[in-house]
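In the two complexes below, chain A is the common chain; its partner is chain B in one and chain C in the other.
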Partner chain A sequence: MSSETKQILTTDGIPLEVSLKKAERKNKIKAFLLVAPLLFFLIITYVFPIGDMLFRSVDDKMVTQMLPKTFKAMETWDGQELPDEEVFAAFHEDFIKLVEDKREGKLSTQLNYTKNGFKSIIKKLRRKSKTFEEGNYKEQIMSVHKRWADVEYWRAIKRRAPEFTSQKYLKGMDMYVNEEGKIVSVEEDRRIHRVLWLRTLEIAFFVTVFCFLMAYPIAHLLATLPMKYSNLLMICVLLPFWTSLLVRTASWMILLQQQGIVNDFFVGIGLVADDNRPEMMYNKTGSYVAMTQILLPFMVLPLYSVMKTISPSLMRAGKSLGGTPFVAFWKVYFPLTIPGIGAGCLLVFILAIGYYITPALVGGASGTLISNQIAFHMKSTLDWSFASAMGLMLLSGVLVIYWLYNKIVGIDNIKLG
Partner chain B sequence: MALPKYTEPHYRIWHYIYLTICAAVFFFLIAPLFVIFPLSFNAEEFLSFSDGMKSLDPDAFSLRWYKDMIYGTKNPWGLAAKNSFIIAIFATIGSVILGTVAALGLSSRHMPYKGLIMAVLISPMIVPLIISGVAIFFFMAKAGLAATHTGIVLAHIILGTPFVVITVTATLSGFDHSVTRAAASLGSDPVNTFMKITLPLILPGVISGGLFAFVTSFDEVVVVLFLAGLENTTIPIQMWTGLREQLSPTILAVATCLIILSTLILVTAELLRRRSERLRGINR
Partner chain C sequence: MSVNKEFVKFDKVDKSYDGKVLVVKDLQLDIAEGEFITMLGPSGSGKTTCLMMLAGFETPTNGEIYLDGNAISSIPPHKRGIGMVFQNYALFPHMTVYENLAFPLRVRKIPKDEADKKIDKALSMVSLQGFASRMPGQLSGGQQQRVAVARSLVFDPQLVLMDEPLGALDKNLRESMQYEIKHIHESIGVTVVYVTHDQSEALTMSNRIAVFNDGKVQQLSSPDELYEKPVNSFVAEFIGENNTFTGEVSEISDQKCKVKLSNAEIMANPISVKSKGEKTKVSLRPERALINPKDKMDNIHNGKIEEVIYHGDHTRVRINLLGNPEFILKVPNSSANLDIKLGNEIKIGWNSEDARALDPK
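Up next is the complex of A and B:
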């Protein structure tokens, strides 16, 4: 509104525009205050802790804090030849302090992550350091073990000087920083994480494909049948949907075991010999079968809700215009269901890629996914920073898909039940 | 789905193939659940059908495992069931209150940054459970709430609210806001309007969101695995432990009870959905 036009005033004498803006702002604040409790609750208990994971995954202050003087002295060292006396003296000072606090074990564990062989030489140094005389620490430390006289080990210590590290992320991709400071892959036969990532993607992809192939026909049937039949059949989809995940996994464990019903059936129809029953559980097959059945409802429901909106007269029109039923289906019906396909596939893929319980129970060693590895590091090796790093790598993948989902389907269009 | 009389034979064949495929998929979906029923009445300790069961010999069936579930020595199920119900009920109440209030705000057309905030509120449903588990564990450990009921309830509120937000927002999308304005013009304060006008109208959505939150909490195992101590064991934790160590028929008895429970929940949810559809139909 240009300033020359006469402003419209409310009865209080305030310009209408100002008054409206005020009311608008009040409404905005009101709406926000309603959302605020949940939003702040989630930010504190959920969003910040995920940020905390990010911090933990790159945090490498431990060694920095254990060897403060050493790193200070090392600042001027170029790393070409053995460091001079000043560094050795500082290291000795730090080390004595660590021994007093009984923390030298932690240092050896940490340094061993960077380079193998630190454990024993630190143990040796602790024993010998009690008899050290003052001065000329370089000679004394080097005489403890020949590795202390090896410049490689001092370079390894220097690599731990920064407070932050990407080491855990590299480890998650089976890579590490070598002596020259270059990023290289570990040997072929030790690349366990890459295998896991690929397997996770592979299983998630095929489970999505299987779910799609199985869900499409039944969603179509449910959408085209008269209400009274389709409601009945819908129970077959919804009952598993509402049933405990563990119950469904348990039933697959019963079905797929070697003396189980599926194997009995195969023996019964003569497909396999009784003494040669195939192993269908504790491997990939188990993961595939159980995950497909468990995630199937998540594919059926979005497909169904889209198909329900497609008018049957469209197919009739297609046929009446000379298309065979197949052509009519392919050219008319199928394109209309693509939003449902997108929604269902993304949903199933997101759920499958982070699956934990079912693969852990029926997947055995060859059917476990990246989630299982994260849980393993959380509960068994207690390498929480590594678990955090892998979790965030998985999360970033999921967020990309989530963003796609939001673009294609819109997050407020998720329908449940 | 009767075919018209003029259908050509090969389409007829195709149609029957299609129906067979559908039947097979439905069978694949539902049959595994029904395996558990008969086996939970097995008189023996095996997890496959004994010859007696196949010939329907009454002696082959017994309530042995149900008795074991309820009276068994060192029985973990009683404590687990109690914990599960307590945690699920409090988590549901928390999720429903926080979720419904947030959904009211989100449905207001004045809400700023709607998309972004919605994405944050829904995220616990999208982020893989294992990551949520790790993050929530870090928080609870810092807050001193690990291995407490409170900690698990809070964790389940986090996981349950997205469902309430989604269902209630969906119900509110068909909500006629002029009724609340009418109430306000008649002198009702906002709280009164909400309790007397809005809540009864959106109740089906609130309850079905609550059911989702309840089931989510009642069935949740990943996060509890990180958080629970021995005292906070729940039914899913016990099942998880049982399934990892040894599949005992007692687990099948528990599973049967859980299937019955989920059937009840399904029926309730379906009735609510129909009621809500009917109500909205009248609104139009």
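Up next is the complex of A and C:
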């Protein structure tokens, strides 16, 4: 039977499969050409930069390339006591070359990331090195500053020898590799990132919950109201989309500030005293309120698109079969909206976890998220590799959530419209 | 035990959705226990609204509905205990057939072993044993429909409402389902209120049919009476095929009247005409007119064959008769066929008793 099927020929005597491929080829090329512009655009603007950032976050070649001879000499050093003359001589040779290229500043910045205190002693070394005599570099360098005689600093240099490093990721988790090469947490009072990660998750979670609680009834109303009302309501839901994000956030600032409209109203109805106006901005409350409002449409739309497809006769059937309105809702309607809930929650959570402008403007110190920290390192400290490491940690967090979601709910159940 | 003649009672029920138009006007309808009653009418005639009021999804604007003697307007749908089959089945797509059937039993807190028995019984009633674990999406339209029927009956309601349940099925399936539903009704004796716009469905299934038009019941009677003795021209035209002559009563007695058409006179049975000079529409079923009648008939006229359409078991012949070019005759196809050819002149006769002079409308 199978050999017979292989023998099938077209009327012209060409094997059927060959003929089919030939006939389909044109369509395949056409299809590819249609997606090609977007594909190239995505590769150039998305895949390539992300790959570059990923690489940057683990790349530590810079120091490796700046101090090639030093690291070669250090290979045999056990790191217990101060390295011997050979290492000092190699370091001197590398350093002179860097000074000639005017790159010693970069070295000092890089080494300073690893251990504080490198900046000043490298500056000093540059000045003094002009007067160095040949030979016995160990003594000469150690005499520049007492830190050069400290084995800790030489260990710090050695830690930068590998071309790739995970230290940026460890730093993102408030951890580092200590002198003994063990991964440990930083002191409690210096742990800023863990707090931020947890806060980011917490705010994203609660914003998702608030969005869901508010969007569900709206979406239901949208799906069941007669056309003329539901269109109007839909416009109200979509209106925020037509306004700039910045404008919306700024309007929340006007509403929520201590002398703002909401506070005025609370004072007006006697809910709070005039001299005791609650702070609703520059803290978590501000982030919650503004982010919930801004992300609400992303919850409403998937829910609406799912609810629209649920026949009203299903609820009626539930009731006519004896279910109370609540039972009919909970057993019949609600399970059918789960694909929409899943889509909306996933969308809102993922958007919220990487939210930037709103928490930056209304979040204050206690309402900022990890994305604000990333932006801070992109713009202020210029530690791009750290920023990209945190960005990637965020991305992998999102992917984990996506994976979990797929495991629990199933991504096929998602419905975006 | 006598049968409750007023098991369901619509008492002077009005219904309006917008406060301007009455979709149901002064409905007065009694349904006996165990009866299969069909509400038949064109779309927009108010029949579905009546059903929804009975089910509790709409409230009457005026009047009251009684179920087994109790006024039910203020009882919410889930407490009425009425089974319902919806137009698009309304099976719960996320539940298996078993769970669908178990739903009404679970909300009634019926113990599981008893519920299982009832579900088995209901499924075997619609010959769907072995389908309990399927999802509705895996069933064909006819099977889904049967599940919907089983679900509406599984909790032993006294009354089952069916809202055009066969509308989405193809013709053959629809016909076999008609018999199936009829047999289920006969075997368990439940009261059924059935809504449809398909007259053949209504005629085959019902004990009585209420023909709706314009928010009113035009005629409430058994299928044969409805077909043979329509009380007005709407019913005559809506049910079955119908040949009409419009004219004026020129002579009238108890049993007969003479109707003057534009160029002839015919004898008819006065149903809704009372006196001379009234305008009327005379209605005659196609099968009541014969070609070349042998018996003595009091209407015999000549007509010209305009069209012959072969229908398998019979032939439809369109004749231009007494100024009506749309006069239809149904001729059974037998070996002794008559000389039916396009353009032939033939003699057509009928009894005045079958020609019902109705309102002119």
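By our rule, the second predicted complex is superposed on the first by the 373 of 417 C-alpha atoms of A that agree within 3 Å, B and C clash if a C-alpha of one lies under 4 Å from a C-alpha of the other, contacts with A are read in each partner's own complex, and residues count from 1 in each chain.
Note that contacts are C-beta pairs under 8 Å (C-beta built on N, C-alpha and C of every residue); 3 or more make two chains touch, one makes a residue touch a chain.
Values in this document were obtained by computation on a predicted structure and should not be read as measured data.
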Legend entry - First, second, both or neither for A:P325, with chain B first and chain C second: both
Inset, instruction - Once the structures are superposed on A, label A:A317 by its partner contacts, choosing first (chain B), second (chain C), both or neither. - result: second
Inset, instruction - Figure out whether A:L233 sits in contact with chain B (first) or chain C (second), or with both, or with neither. - result: first
Inset, instruction - Counting touched residues of chain A, say whether chain B or chain C comes out ahead. - result: B
Inset, instruction - For A:L336, decide between first (touching chain B), second (touching chain C), both and neither. - result: second
Legend entry - Touched partner set for A:F32, first chain B, second chain C, both or neither: first
Legend entry - Shared contact residues on chain A - chain B and chain C: 325
Inset, instruction - Quick one: which bits of chain C touch chain A in the complex? Just the residue numbers, please. - result: 55-57, 76-84, 86-88, 90-94, 103-104, 107-108, 151-152, 155, 161
Legend entry - Contact footprint of chain A on chain B as seen in their complex: 1, 11, 18-19, 21-22, 25-26, 28-30, 32-33, 35-36, 39, 46-49, 98-99, 101-102, 104-106, 108, 110-112, 115, 117-124, 126-139, 154-155, 157-158, 161, 163, 165-167, 169-170, 208, 212, 215, 218-219, 221-222, 225-226, 236, 239-240, 243-244, 247, 251-252, 255, 258-259, 262-263, 265-266, 269-270, 273
Legend entry - chain A residues within the chain C interface of the complex: 311, 313-314, 316-325, 327-328, 331-332, 335-336
Legend entry - Parts of chain A lying in touch with chain B, wherever the complex brings them together: 24, 27-28, 30-39, 41-50, 52-53, 56, 214-215, 217-218, 221, 224-225, 233, 235-240, 242-255, 257, 259-261, 264, 293, 296-297, 325, 350, 353-357, 360-361, 371, 374-375, 378-379, 384, 387-388, 391-392, 394-395, 398, 402, 406, 411-412, 414-417
